[in-house]
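In order of appearance the chains are A, B, C and D, and numbering begins at 1 in each one.
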Amino acid sequence: MVRFENVFMRYDGGPVILRDVSFRLEQGSFHFLTGASGAGKSTLLRLMYLAARPVSGQISIFGRDVTTLSRRERPMARRRIGVVFQDFRLIPHLSALDNVALPLRIAGTRESLIREHVPELLAWVGLSGHLDALPATLSGGQQQRIAIARAVISRPNLLLADEPTGNVDDRIAVRLLYLFEELHKMGTTVVIATHNENLVKRFDHPRLHMEDARITDRSASRSASAAAATTAAGE
Amino acid sequence: MVRFENVFMRYDGGPVILRDVSFRLEQGSFHFLTGASGAGKSTLLRLMYLAARPVSGQISIFGRDVTTLSRRERPMARRRIGVVFQDFRLIPHLSALDNVALPLRIAGTRESLIREHVPELLAWVGLSGHLDALPATLSGGQQQRIAIARAVISRPNLLLADEPTGNVDDRIAVRLLYLFEELHKMGTTVVIATHNENLVKRFDHPRLHMEDARITDRSASRSASAAAATTAAGE
Amino acid sequence: MWGRNDLALGRDASSRFLPGLLAVMVFLAALAATGALSARGFIASWDARLDGSATVQIPPPSTGTGTRVERREAVMRLLRVTPGVQQARPVPEKTVARLLEPWLGAELAGALPMPTLIDLRLSADQPVDLTRLAERLENAAPGTMIDDHARWLSDARTLARTVTVTAGVVLVLVVLAAVLAVVFAVRTGLAVHREEIEILHLIGAPDRYIARQFQRHAGRLALVGGIIGVVLASGTLMGLRWWLTGTGPGSGPGADEVFSPAGLTALVQAAGFGWLEWAVILLLPFTAALIATVAARTSVLAVLARMP
Amino acid sequence: MWGRNDLALGRDASSRFLPGLLAVMVFLAALAATGALSARGFIASWDARLDGSATVQIPPPSTGTGTRVERREAVMRLLRVTPGVQQARPVPEKTVARLLEPWLGAELAGALPMPTLIDLRLSADQPVDLTRLAERLENAAPGTMIDDHARWLSDARTLARTVTVTAGVVLVLVVLAAVLAVVFAVRTGLAVHREEIEILHLIGAPDRYIARQFQRHAGRLALVGGIIGVVLASGTLMGLRWWLTGTGPGSGPGADEVFSPAGLTALVQAAGFGWLEWAVILLLPFTAALIATVAARTSVLAVLARMP
């Protein structure tokens, strides 16, 4: 599903973020992505949703090498990937409903289907009262939930979420995680970058941990990672 | 220092956010502001930093009624208030250093003082290696720390922080909280909106809790609030 | 999918300013085009009248030998056998008198001995050597001169070319300014909506999808601006014409050897109301819309190609 | 604080497009201003020559009674005692002949009996009743006519007014377009930088602080554009002048009763190179910069006042 082979990544003049990294995520897997602030979690996700290219190495997604994908081929690949951005990235002049509907509209989905599914999903994330609200009139947590709804509405094959619960309390965070679990059960591959150790512990999924420009695949959150050990508010 | 009297607040056509709320924060106090997503935490802070006006009621800050402040008077009041915005709000084409220096420059501080203090503060928040980096080239957590540095650089009399640790792990969060404590000890009044129960518990400061358009002032985080009770990852 | 407008470009400042700017440009273009076309048409009509023609002028007998008729017949004989002269027709004396009337006054013109004028039509295929003909005419009737209006036509053509070149420069500049304004609007539109465009990209929108929204926006605004500009320009041109017709010269006295306002007035009066002028003017808004659409599409795609 | 540029406006699209747009506007303004000024100057010089003057024309004796000299003296006597006629001066016969030469040919003009012309200078304070004077002149020497060039001047003034009005319309439009372009650039600048401006506000920057950055930016771009436009316009005007001088008419033959290209040519030749024209042209970039600065400041402050 997702395959990194000898991937080397750094931004111009910046620190090395990935040094000769290889791993693969099986179809239908569910991973947490952890690591210190600035470790490169967002960068790793960016490589997966084709917003950045590695310096060297190969990245395959859906079985295709995406580092050589042309500009015209990228949109189709991106439509199969749902992304929750760390900074939400909602379109300010579109209502909550239209923001969530956008991926369907770009893909040319029938309007009647859109009218049926979008409000349903917004109700699930607790925003049924805000269908017509513009992003600026919503609270941080509400915006984040719209971003999540937009990422999952088209039932992507690959779901990438960058700190999707940074602006909601743990009760809502758990509820949102169930949404991801739901998709996961339907076969979607899920990767969630998070600093929230509580969440990682509560959901028993393997963890990709980034440190020193490498990735360690740990099968369960139970193993005490370096990050967890230094967590100020550990158990 | 901050005084709300019979404040009533709602956005056009939105739900009531504050219903006849009165409270006062003494000079040099330190409060956490908690409440569910959408409860109105950001709105309350916005009222304090003069970015919104209440529907009715009086708000005094530094002993002046700010609801009647003219457009020309607001800048001077704002210079005494430091704000960490939920969405950072860094200026994209200014380097980390210039972003943090901005409040000083607007206030007309000598350049030599700026060159001395800004790098020092950036080092404290762990960004000494990124003085010249543009915001877009920084990770979410790094940007958040710049936003914090900018809010505290001018040693404001009132510091308002909206979810200032949503994008960093708990270790860094604690470190940032110490920065606020530092200011607090120098006499700054501090209000921090957060969902992070771990933090609230760790630092023993009174809590303003928003619920049903009201604010309850609880003297310590120990008292089990409704929000804390429903926290998925409680102890 | 064609009708989508995720970027809400209609709410941008461009919606208010681009039509205004383009209206001014189209107005100026209409003025310049009308000026050029009518200068050209005016000169063309003079050309048709004067090109390929010449005038022979025989002084009255007092200064030469032979009677008026003898002298005229000698010249006519010569002209009839000159290759290249298709037709030679003496101008009636009354016409000559009328030509001189504005300069001499009616009474004087009627009383003076008039020169004899002969209108020539010259063949286009067989150019006449005017210098040699002039010599031979001098022999036939001393004092006779021939004038092929070359100097006059050359002056008139220089003038027409001046008007046309100036109008052309103005037209080019106006089109340039219009393209600049559109590209400027598109570029700032891209800057204002940069984040949204990035989002659209990231959720799978191809470049065409985005370019389409910009080109439709620009084309529509240009059309609106163009129509406003053309309406104003037509009004102005008709106003000018009405004003000049109302107060313009008739056939009365008053003229001068180096300057005839009547000529210019006629130029303006003739301006911009033939079918060609109307067609050009009516096409302007569509031309503007087309230019705007193409400029928008091109510059959007160019900018998008540089985005990640 | 004066030099601060937190918004990095220099990197906006406006930096590339506003100077271009303003260069075109200043170019057109220079052309229009020069056209208007030289039309005005041209007419003014004719006015000075012709206004307050009149010409009396006495036909040659063949048509009346008395000798040429008798008739002239009778008229002169009458004129000398007419109140309002400041000066009456017979035009020498040779000058009259030269005036008619282009129309009749040199030989003919020399041979024909010429009318007598008398130039009059009329008093501005004491208007002469030309109708009564004409009657009395007819008595003194039958056939005598008086022409005060009124018709000619009225035509010329209409024409000059047409040129001036057209130039004025163009000028107004060009200034309008320039203001539109500047306000458009400022508005989109505000839109592009809206978030940053909000941030600046929230950390205590007053409106002036932000307006200053915009007005300096706009003023500088307008100055650059204005200079480019003025340089191009001067070049074009000098080129036109050179071209027309090079190929323009001299004193040779060829003219027509309704149209004299020489007149227009002279108009263009006279164009735009007096000190007034140079001053206007050289002031244009600064005017543009001033307009841009004021437009920018006004529209920024207006938009900011609507921000929270």
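The rule is simple: contacts are C-beta pairs under 8 Å (C-beta built on N, C-alpha and C of every residue); 3 or more make two chains touch, one makes a residue touch a chain.
All figures in this text were calculated on a predicted structure; none of them were measured in a lab.
*Asks:* Most remote chain relative to chain A, going by C-alpha centroids?
*Replies:* The most remote chain is D.
*Asks:* Chain pair with the most contact pairs?
*Replies:* C-D
*Asks:* Taking each chain's centre as its mean C-alpha position, how far apart are chain A and chain C in Å?
*Replies:* Those two chain centres are 65 Å apart.
*Asks:* So how far apart, in whole Å, are chain B and chain C when each is placed at the average of its C-alpha atoms?
*Replies:* 70
*Asks:* For chain A versus chain B, what separation do you get between their C-alpha means, in angstrom?
*Replies:* 28
*Asks:* Please report how many Å separate the Cα centroid of chain C from that of chain D, as a whole number.
*Replies:* Using C-alpha averages as centres, the distance is 21 Å.
*Asks:* Could you list which residues of chain D touch at least two other chains?
*Replies:* Not one residue in chain D touches at least two other chains.
*Asks:* For chain B, write out the residues touching at least two other chains, lowest number first.
*Replies:* In chain B, no residue touches at least two other chains, as defined above.
*Asks:* Can the chain contact pattern be summarised as a line, a ring, a star, a complete graph, or none of these (other)?
*Replies:* Chain contacts: single closed ring, each chain with exactly two partners.
*Asks:* Pairwise, which chains touch?
*Replies:* Listed by label, chains in contact pair as A-B, A-C, B-D, C-D.
*Asks:* Provide the residue numbers of chain A that touch chain C in the complex, in ascending order.
*Replies:* Result: residues 49, 51-52, 71-72, 75-76, 78-79, 83, 85, 89-94, 102-103, 105-108, 150 of chain A touch chain C.
*Asks:* For the complex, give me every residue of chain C touching chain A.
*Replies:* Against chain A, chain C makes touches at 1, 4, 6, 8, 11, 195-196, 198-207, 209, 305, 308.
*Asks:* Which of the residues in chain C come into contact with chain D in the complex?
*Replies:* Interface residues on the chain C side: 12-14, 17-18, 20-21, 24-25, 27-28, 31, 46, 57, 59-60, 62-63, 99-100, 102-105, 107-108, 111-113, 115, 143, 145, 147, 149-156, 158-159, 162, 165-166, 169-170, 173-174, 176-177, 180-181, 183-185, 187-189, 191-192, 236, 240, 243-244, 247-249, 252-266, 268.
*Asks:* Flag every residue of chain A that touches chain B in the complex, lowest number first.
*Replies:* Residues 11, 14, 36-42, 86-87, 137-142, 145, 162-163, 166-174, 195-199, 201-202, 227, 230-233, 235 of chain A touch chain B in their complex.
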